[in-house]
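In what follows, a structure is listed as structure tokens, so that the remarks can point back to it.
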Amino acid sequence: MRKDGRAKHELRHIEIVPHFTKHAEGSVLITVGETKVICTASIENKVPPFLRGQKKGWLTAEYSMLPRATEQRTIREATKGKVTGRTMEIQRLIGRALRAVIDLEKLGERTIWIDCDVIQADGGTRAAAITGAYTAMVLALTKEKSYVEWPITDYLAAVSVGLHPDGGPICDLDYKEDSDVDVDMNVVQTGNGRYVEIQGSGEEAVFSRTEMNDLLDLAENGIRELIHYQKAHLGEANGWIERSYG
Amino acid sequence: MRKDGRAKHELRHIEIVPHFTKHAEGSVLITVGETKVICTASIENKVPPFLRGQKKGWLTAEYSMLPRATEQRTIREATKGKVTGRTMEIQRLIGRALRAVIDLEKLGERTIWIDCDVIQADGGTRAAAITGAYTAMVLALTKEKSYVEWPITDYLAAVSVGLHPDGGPICDLDYKEDSDVDVDMNVVQTGNGRYVEIQGSGEEAVFSRTEMNDLLDLAENGIRELIHYQKAHLGEANGWIERSYG
Amino acid sequence: MRKDGRAKHELRHIEIVPHFTKHAEGSVLITVGETKVICTASIENKVPPFLRGQKKGWLTAEYSMLPRATEQRTIREATKGKVTGRTMEIQRLIGRALRAVIDLEKLGERTIWIDCDVIQADGGTRAAAITGAYTAMVLALTKEKSYVEWPITDYLAAVSVGLHPDGGPICDLDYKEDSDVDVDMNVVQTGNGRYVEIQGSGEEAVFSRTEMNDLLDLAENGIRELIHYQKAHLGEANGWIERSYG
Amino acid sequence: MRKDGRAKHELRHIEIVPHFTKHAEGSVLITVGETKVICTASIENKVPPFLRGQKKGWLTAEYSMLPRATEQRTIREATKGKVTGRTMEIQRLIGRALRAVIDLEKLGERTIWIDCDVIQADGGTRAAAITGAYTAMVLALTKEKSYVEWPITDYLAAVSVGLHPDGGPICDLDYKEDSDVDVDMNVVQTGNGRYVEIQGSGEEAVFSRTEMNDLLDLAENGIRELIHYQKAHLGEANGWIERSYG
Amino acid sequence: MRKDGRAKHELRHIEIVPHFTKHAEGSVLITVGETKVICTASIENKVPPFLRGQKKGWLTAEYSMLPRATEQRTIREATKGKVTGRTMEIQRLIGRALRAVIDLEKLGERTIWIDCDVIQADGGTRAAAITGAYTAMVLALTKEKSYVEWPITDYLAAVSVGLHPDGGPICDLDYKEDSDVDVDMNVVQTGNGRYVEIQGSGEEAVFSRTEMNDLLDLAENGIRELIHYQKAHLGEANGWIERSYG
Amino acid sequence: MRKDGRAKHELRHIEIVPHFTKHAEGSVLITVGETKVICTASIENKVPPFLRGQKKGWLTAEYSMLPRATEQRTIREATKGKVTGRTMEIQRLIGRALRAVIDLEKLGERTIWIDCDVIQADGGTRAAAITGAYTAMVLALTKEKSYVEWPITDYLAAVSVGLHPDGGPICDLDYKEDSDVDVDMNVVQTGNGRYVEIQGSGEEAVFSRTEMNDLLDLAENGIRELIHYQKAHLGEANGWIERSYG
């Protein structure tokens, strides 16, 4: 049994507030348990120099935490004058994940800027950021119609799973669980059940193939539920997405 | 008459949500019209090296904007690797303003870190940040009791006022008004009606002493109202503050 | 009575050496008491990208101190790899102040670069920098005739005033007085007596409206004297400036 | 069939030159096909501040490429003044991987610095770096005897595998293959066959669970062969490692 | 007598491995005693902006050390975020030296990038870098034929000499000798015996004109030998170089 | 004949204003022709960490140019966020030069900070900086008596010489001459006629041993004259210096 009474496979309470801020083309506040992330999608009508004239778009992501999103205040990266390795790793992951379900040629010569800002952290911030950013991106495209042809090819969500020394595989770790597990894995998967990204690592620990399979089973289940929840906020875009992998 | 129907002296709609995030000792979400700022106050039980052993505390402030708080996406300062001049000016102002109403000897050897993060901007972000940060600071001290003797000596709020080319002095400018005025002034004032900071500047314009006096009258009126609103959230701290300037 | 025997309203001894260095279009060495600042104005025949094609010019300012301008040696900002908040605040102030008395359309598509380098500091460096930079700018324009139509619309000078705990309001603070006052205020004013910038702040202190009025009276008096002194160095430009606000 | 005639499961030619440079406690030049990496392990008799007094050691890794290791010259990170996201991601991976097979308490209060410098790149540099760095680390510990008790708990090697659009899963990708595959995966595994890290990502592509299983099979086979090769260079350390998981 | 038995005028053992890495147009591994430097020459078909349209080429050099090239590990400049003064001085020296024997007009609108990466250091790294870089440059030009007319006008090599407190002037200092000498001098000379660069400095010491002449004699002798060795690797380029100063 | 009518061996007009600024322990304004440099020497009663407890002092130098010291305005290094290679090279040279004539053990555990700030540049700034900095250092030590035993062991001055394509070797180059010469050499020499530093380089040119000897003759003559001039400002220190090499 977990501290908060959840079963091993159970997700924390999820909430997505669409259109959370007024300036961004698409934005949500996603809450997963006590983790809260503002995700915005901004659409700009040009592409970076290396893509000009190729009739393709681009998508890039940035991630940050407010200094007091965490239990101990962390120093701002702007104050330090550089982005940490952890932040870079996460923003590269978010970008890669979203690019897997968008057809950049159908997007046309546009750039989508994804910004994920964690205002309260309690574990699973990168997974929540991907799930929220996907939603913000679809909302932005639905509202602005700024594409050549509908470019989103599938649903997308992410979850963290881990091997707890006391109780084996568990799904959707909070901060305390995340510090306790031997192995943690982030899984990004589509509505079709295909993988976009699997990152499993055993910091000062190792894991067997059987354990990995258990973790992937838990993740798949969690992601199905997350996507179910996303659909409730996507309106008419649901039809376009489903048609595209029909 | 102003675009949104307000009279010259009228403030926009204000809302303060106390205890907005869970980790900070004190935190609020302050909303002024369409401007929204998360303000947190973190208390650390040590002081910077230059103050060690002096039985005094310290307070310092940081300010930032989410990239899509604004109509056009702005580049993150962490990505640029440096803090802009505008941000530095604002965070120095917030720190100076709050230090004027806290007795650092009564605080004892502690540091208060103020973080103001604008999640949506529509003019007046520095004034909203000061008003919100003051509230967060009082909430933090009330809850944590981390002081030698109650250190807050007065209420504190800030407002922007300006000279509009069409209609003269107006109070609490939104973004559009802020771009239109010839002269803008930020006023920080205490519950006692004394000034902490006056910054008036005419970018490519100048102003007379009479105009300045009109602006100060408008500001005083707005600040009185803001402090009235603050008091509703400060609970038992009201008694301690009032006693300290009684 | 002040340490150096001055009356409350009295300025320190002022000296302006025009054409102090040979390469800049305009340059002065301004001495105010023991404070010495080299101010140069460089005129470049192009504007920054955001202004191209708009038939307007631009003016920007930078400020720095030699490491041993101060009593204790300060680390060079170039060595630290970044400009401090104090420097940014001052250079933004100098730029804003000068732009208030220059008609950028009459300047035409040119940039004026103002550089203020403090070689000896004894309080009031930002005020001396503004007064000196204005003079250097007028000398540069007079000599180079690089404008569409004479663009300077008024005289400009700055002074610092403050509330001393022992003796009330005083004008033109030296370094020692600057550390002692509760409230200090920088005032930038034109020949016409109109304000360009007022920055009053009480670091760990507050001030009343009456006190502010006393400070503004002192400042006005000092600025009138400074402008009187400036005029002696501006030659034929005096006629053009006076005509422009006649 | 692959360009260079290899079968799908076949590794490129491998060579490890032990004691490649003279100053480092341990060093190798590892060659995998045309990829060449100098890996050194430096042992320092102290730990970073956050670990002092805890009777544990630390291991950290850095990774870099010579500018002309690549087909097009790349700009030095020192010249740019910052480390790229890709480099950070790789050096964090190397550190995490090695820490999984070293018992930091048995190491005692020492830091192992791993440096991986790619002098020629042709795909698979991060995998070669991990395999080489592990070897350098064991050589350093064997030679210096700088530990409390023998700390290495298992063998360790890494390989990249990918899904090629023409021919399905392949092992040990060269640069050309790496650009062609839809999905690539880096696998770090121990002598015992347990996983330390799995990073699979489909840049603009997705993959099924079956495909993932095929990739893991290929990787396991390659890693077994790499470890077989490593053993030939580890001398008496082989006995100690085997005993520790015996 | 020197530690390693060399006579005062004697060079350490030299070895040049041409074509050491595969991507660079020209590359060598130069070994001088225990000092080893990888030198590459990359040819790019464009020039920096300040030279565009002038029908001249450019040559620029960079220098770095692997962290564990030295007895104590040094921090990477990329990690520090800046290039040290020593590195800057050396890379400027290498560039200046090579530009003295290349006719940039005959090179045409091309840039030669020289990269010198020290993989093992034992004194004399800057001299070895110049001697190796010259060789790599000639190999690159010979192989690529990327010039308008053969541009190399002379041979070029460098050596360090010094005044040892025990035994007077010595040639080609190793690390230990370099720390012991009072005065050290780097000399860069051409095949024709003319100087390109002389940098003699007495850190906390001084030297007479006679001592300087002794040092220059030793250096000349060493450089003749180095160039003799270089010629063995330059093949048909020897004829072209000799003709150009014939 | 040179542009300004000087003979080949002739220095430009020199002027040294001692005690130029009031805060530094020692300071001069040195003028050489149209080149003007403010040199200050600051004495601090501690040494950098690497020297603590060794009963030795330290001396370090920094060099900078005001943006408009030059004909074209140059960007501030503080604004760029880094010190250029040229500046680093010069400040390392100044430090090395001065350390050659100061006995750091006699100085005791103190640091001398030298700051050279060029306010007007017309060639020869690094030579003028060394000559001026030496004077400022001696003035500081004479005034403050902050040493264990008088530490200055000799006089010190620097000059630039060069090979002009039209007229052969010339002494003390102005900016125009400096751009025209094929070879330029900076020579730092003591009162005793011994060398501290010789840096001769032929940017895109070479020079023979005979030419070098001519340059050294010219330099020696110039330096003798510079030292003669210095002595006039050193007062009682002259006796102490002369005794130390008596």
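Chains: A, B, C, D, E and F, in written order; residue numbering restarts at 1 for each.
We adopt the following convention: a contact is a pair of C-beta atoms (placed from the backbone, for glycine too) under 8 Å apart; a residue touches a chain by one contact, two chains touch by 3 or more.
Here the structure is a predicted model, which is why all the values come from computation and not from measurement.
Peer 1: What shortest step count links subunit D and subunit E in the network of chain contacts?
Peer 2: Minimum number of steps from subunit D to subunit E: 1.
Peer 1: In how few steps can one go from subunit B to subunit F if every step must land on a touching chain?
Peer 2: Minimum step count, subunit B to subunit F: 2.
Peer 1: Using mean Cα positions as chain centres, tell me which chain lies farthest from subunit A.
Peer 2: Between subunit A and every other chain, the largest centroid distance is to F.
Peer 1: Indicate whether more than half of the residue numbers at the subunit B-subunit C interface occur in both copies; give same if so and different if not.
Peer 2: Mostly same residues: over half of the interface numbers shared.
Peer 1: Indicate the whole-number Å distance between the mean C-alpha point of subunit A and the mean C-alpha point of subunit E.
Peer 2: Comparing mean C-alpha positions, subunit E is 52 Å from subunit A.
Peer 1: As a quick test, compute the distance in whole Å between the mean CA positions of subunit C and subunit F.
Peer 2: Subunit C and subunit F have C-alpha centres separated by 34 Å.
Peer 1: Quick check on subunit D: which residues sit in contact with 2+ other chains?
Peer 2: As it turns out, subunit D has residues touching two or more other chains at 81-83.
Peer 1: Circling the ring from subunit A via subunit D, which chains come up in turn?
Peer 2: A, D, E, F, C, B
Peer 1: For a test of understanding, state which residues of subunit F touch subunit C in their complex under the given definition.
Peer 2: For subunit F paired with subunit C, touching residues are 21-24, 27, 34, 36, 38, 40, 42, 44, 62, 64, 66-71, 73, 76-83, 87, 113, 115, 117, 119-121.
Peer 1: Using the touch definition from the top, list the residues of subunit D that touch subunit A in their complex.
Peer 2: 82-83, 85-86, 88-89, 91-92, 96, 99-101, 104, 154, 185, 190, 192-209, 212, 216
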